[in-house]
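Next, two complexes with chain A in common: one pairs it with chain B, the other with chain C.
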Partner chain A sequence: MTTLTRRTFGLATTAAGLALAAPSVLHAQTTARLVVVGGGFGGASAARYARIAFPRIDVTLIEPKTSFVTCPYGNLLLAGERTLPQITHSYDGLQARGVRLVHDWAETIDASAKTVRLRNGQTIPYDKLILSPGIAIRWNAIEGYGEAAAEAFPHAWIPGTGAQTALLRRQLEALPDGGVVGFAIPPNPFRCPPGPYERISMVASYLKAHKPRAKILALDAKDAFSKQGLFQDAWNELYPGMIEWVPLNKDGKVTKVDVQEKVFETELGTRHKIDVGNVIPPQSAAQIAIDAGLTNDTGWVPVNPLTFEATRARDIHVIGDANIGQPMPKSGYIANSTSKVAVAAAVAALEGRPAPAPTVYFNTCYSHVGPEYGISVVGIFRPGETAFVETANAGGVSPRGPLAQQREQRRLEALHADAWYGAITKDAFS
Partner chain B sequence: MTLPTSVLPGAALALVLSMAPHSPVRAEALTPPPIALSCAGCHGPNGAGEGSVPRIAGYDRQAFVQTWAAFRANERPATIMNRVARGFTDAEVAQLADYFATVR
Partner chain C sequence: MTTPRIRVPSSVKAGEAFEIRTLIDHPMETGLRHQTGQAVARRMITRFEAQADGEVLFTADLRNGTSANPYIGFFARLVRTTTITFLWREEDGREYRATQRVTVT
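This part shows the complex of A and B:
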């Protein structure tokens, strides 16, 4: 039997400590149901991996959209270096692998009955749930920044169909030369730690070419940020005098926005007049995780570092940006890397095997800061008893140094960033 | 700059593969060990390579281990693999080498 052969092969080459289940048990498990909620990097990677590694398992992916627009490379749309179709991925590849696609909103989870209720009223039963719901915006955490305000000051932080990013791009195109582009940047933790700074860079790249007298005012609710030295070096080299970054301790935290007056107001009452405003608001785990009682008082989901099972509910494994993964970043790569661990742990539990041995959770985040100018941060993490632990004396950021000395490094990292995008989207969607 | 694949002449690869204890198998007939799953984000599913990032599927086992050690010691030009290499133990590198040598 094909599945038996594949299974035996897989187990034989998997990490030590796994025992081959008895054939009778195996037979009874052929209908085990793995349901994945959320078709982003975490959920798509989980569904794909589940079909490859555990073809005996029934896999359903619940995702309302029929295609996925990535957050990564969305900033390149702002610079005019990518188009929306280039960062849009269909679920056809997953379907071809035998993943059952359900295009509807998963509205609630009943952890006792082990069902997911869809917006259309249907319920979908699961034996194990992989929940990869992403983030929710904490509307009105910044006074005046509700859903309607996002039509004036786009967040462009949850891509959806790409409308928010397209709106921000149109606003930049309409910006008068000499105008001011304001950014409101949230405190930690939030989705994609280097993202706001890559976005500033890509907007600066556009402005340098088209509105060289325009300025960028970046108001930050933090005193430090990801790859800070590298970003600031690049800003000085590529966009001298264009970008002003204001940290928390210099009154950088935006507490109120006024869409009529086009003003960002900071903690100490300073009112900054801007022409285009991008508010990257404070965030939490997506609403479905909150409603299911999975989050703690931080608004994010605590999980077991070895299995990603939610500490507040059995048989729900929470991956991606929604969980408490510090010191791991909320990144697509971490979602992809940990999705496979969560699936392996979930299937092991279903089949009465111990959780797989601890392994590496891997992250590399590239950022484009200008043409042929890429930078990166690498992080290697492992599960600890109660938290995630970064492996010491490893990883870290690209070497600093003047562009004249680092030109080849920057050029290669920009190329590798493009390769990363191609590779990881294949590993999630193909 | 020297690409890592340049240490892998085709003839040597063919020889090693023919001597390998396991015959090469189609990538998807073989489930990667957990440690190898993270490589896919840059090197592509099953290490097939992607754009400027080299193919590591079919990489000679010994060359893999040696290349890794050179990255770890900063003795080989690298953009990010030197930073990556320092985060993995010898036992983990051995697992990676075993797996990628077996995938074709």
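This part shows the complex of A and C:
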């Protein structure tokens, strides 16, 4: 593990592309305390960046797990193209950079006392809190889909230790050829907009190789989805006749599941018998954000688009999937890129400087849809007065067209996706 | 928030009765309801039609007594492959549509 020298510090900050004020307004009496809750893409990136850009700040990361399994590339486990260790990342890199790691659950936040209380009863004081808690599943928003039902119909949408994804993989392995794999897909907003469709593709890739008579029934609570044209082109070319996608207006919204009968029931009362079921349930910000009173009636946390400070509490900056970032997607990429802006704004406030000037928020979401077949969507966003604004005529999606014409493009994008995964996990965990 | 939803089989046997179910998100405001002292503006779907290749298959006139998000189900029989078009019309003329092709075997 490399140690931080003045030289690497300079390089790192240049690479981050953020102007730094001269470190002239250090508070002499104590070291300012930045506490980060949540060690996913948002929190890990925030802690890492804070150590690199502001080594004078004391950084604590509260995260119950001792390693992190990424959502990105989790779908490739279902196709057997990656293994769990390949998408598991330790916090050793952050520790080596001087991040103090606390492996416990952050249970509650006291915004007036400025403390975080841990499950073990200890409280940790902060001057600025970076809250990156991720999502919570809205259990029973689909009738019959409580926590116990997730052992029969895995969601595999919060990786945890990877158990849910492993369960879904085992179920696919046990599926008889000719069986039906059902997907229940939630309305917007939810974590990883193209994720369900990449997952459908990866499951189809596995089925095509091992159970070619199996079918996929994708029941969707939406009428349109991310990279839809590209996904559907790929499904027609790679997996003809295997995937049926049912939109909201064709009775696609799953409102009830029955784990005993193995049935997904939709709004208009159609009962679909399935053999393996993946329920991607409706979601909200994680419970700690709700308990702290940071969420509004959408279930997500409104934030200042320039600083990511919660509009409902001072000195708590909320990043990642938990905030209301629309039209930005709830993605690891956005969590990573906005974490740096939130940290820079938090430290500026601590040191009595104005927030950094508005910057640009980038997002790229790659999806694997088959072997050597990658597609992507790019979005460029800016902070507006009260919300985020997508920059028109920037970004876009991969070119459409038959595989015969686009083969090289698809192959390259699959490689770009792999490179992206390597880069972002380094930028968060190394 | 007026996404219509339809449940129609994609294939049926010739001459055999099958069920069609429809639902639309709609407030069905009568104009008589008050909220904080103000009457809520009237907004009402008054006509529902299902057409089979443009010919009337089923119609319903809706009035004040209809609940919000009206659900309409009925049975039909087809003798040949048909495209069924559903339309919900508000009394000011605004329309919402959905279509489904049904293959007859």
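Operating definition for what follows: the second predicted complex is superposed on the first by the 402 of 430 C-alpha atoms of A that agree within 3 Å, B and C clash if a C-alpha of one lies under 4 Å from a C-alpha of the other, contacts with A are read in each partner's own complex, and residues count from 1 in each chain.
Rule of thumb we're sticking to: contacts are C-beta pairs under 8 Å (C-beta built on N, C-alpha and C of every residue); 3 or more make two chains touch, one makes a residue touch a chain.
It should be emphasised that the depicted structure is a prediction, and the values quoted were computed from it without experimental measurement.
> In the overlaid three-chain picture, which partner chain does A:386 touch, first (chain B) or second (chain C), both, or neither?
Neither: A:386 stays clear of chain B and chain C.
> After the superposition on A, what does A:250 contact: first (chain B), second (chain C), both or neither?
second
> Pick one for A:112: touches chain B only (first), chain C only (second), both, or neither.
A:112 contacts neither chain B nor chain C.
> Thinking of the overlay built on chain A, is A:344 touched by chain B (first), by chain C (second), by both, or by neither?
Touch partner of A:344: chain B, not chain C.
> Quick one: is A:49 in contact with chain B, with chain C, with both, or with neither? Answer first, second, both or neither.
first
> Using the touch criterion from the header, give the chain among chain B and chain C with more contacted residues in chain A.
Touching more of chain A: B.
> Identify the partner contact of A:223: answer first if only chain B is touched, second if only chain C is, both if each is, neither if none is.
A:223 sits against chain C, while chain B stays out of touch.
> Is A:359 in contact with chain B, with chain C, with both, or with neither (first, second, both, neither)?
first
> If we count contacts the way the header does, which residues on chain C are in touch with chain A in the complex?
3-7, 21-23, 71, 98, 100
> Show which residues of chain B lie in contact with chain A when the two form their complex.
1, 25, 28-31, 33-35, 37-45, 50-53, 79-80, 83-84, 86-88, 92, 95, 99, 102
> State the interface residues of chain A toward chain C in the complex, per the touch definition above.
By the definition above, chain A touches chain C via 223, 248-251, 253, 266-270.
> If you look only at chain A, which of its residues touch chain B in the complex?
Interface residues on the chain A side: 6, 9-10, 13-15, 49, 52-53, 333, 336-337, 340-341, 344, 356-357, 359-362, 364, 376, 378, 380, 391, 393-396, 398, 408-409, 412-413, 415-416, 418-420, 422-424, 426-427, 430.
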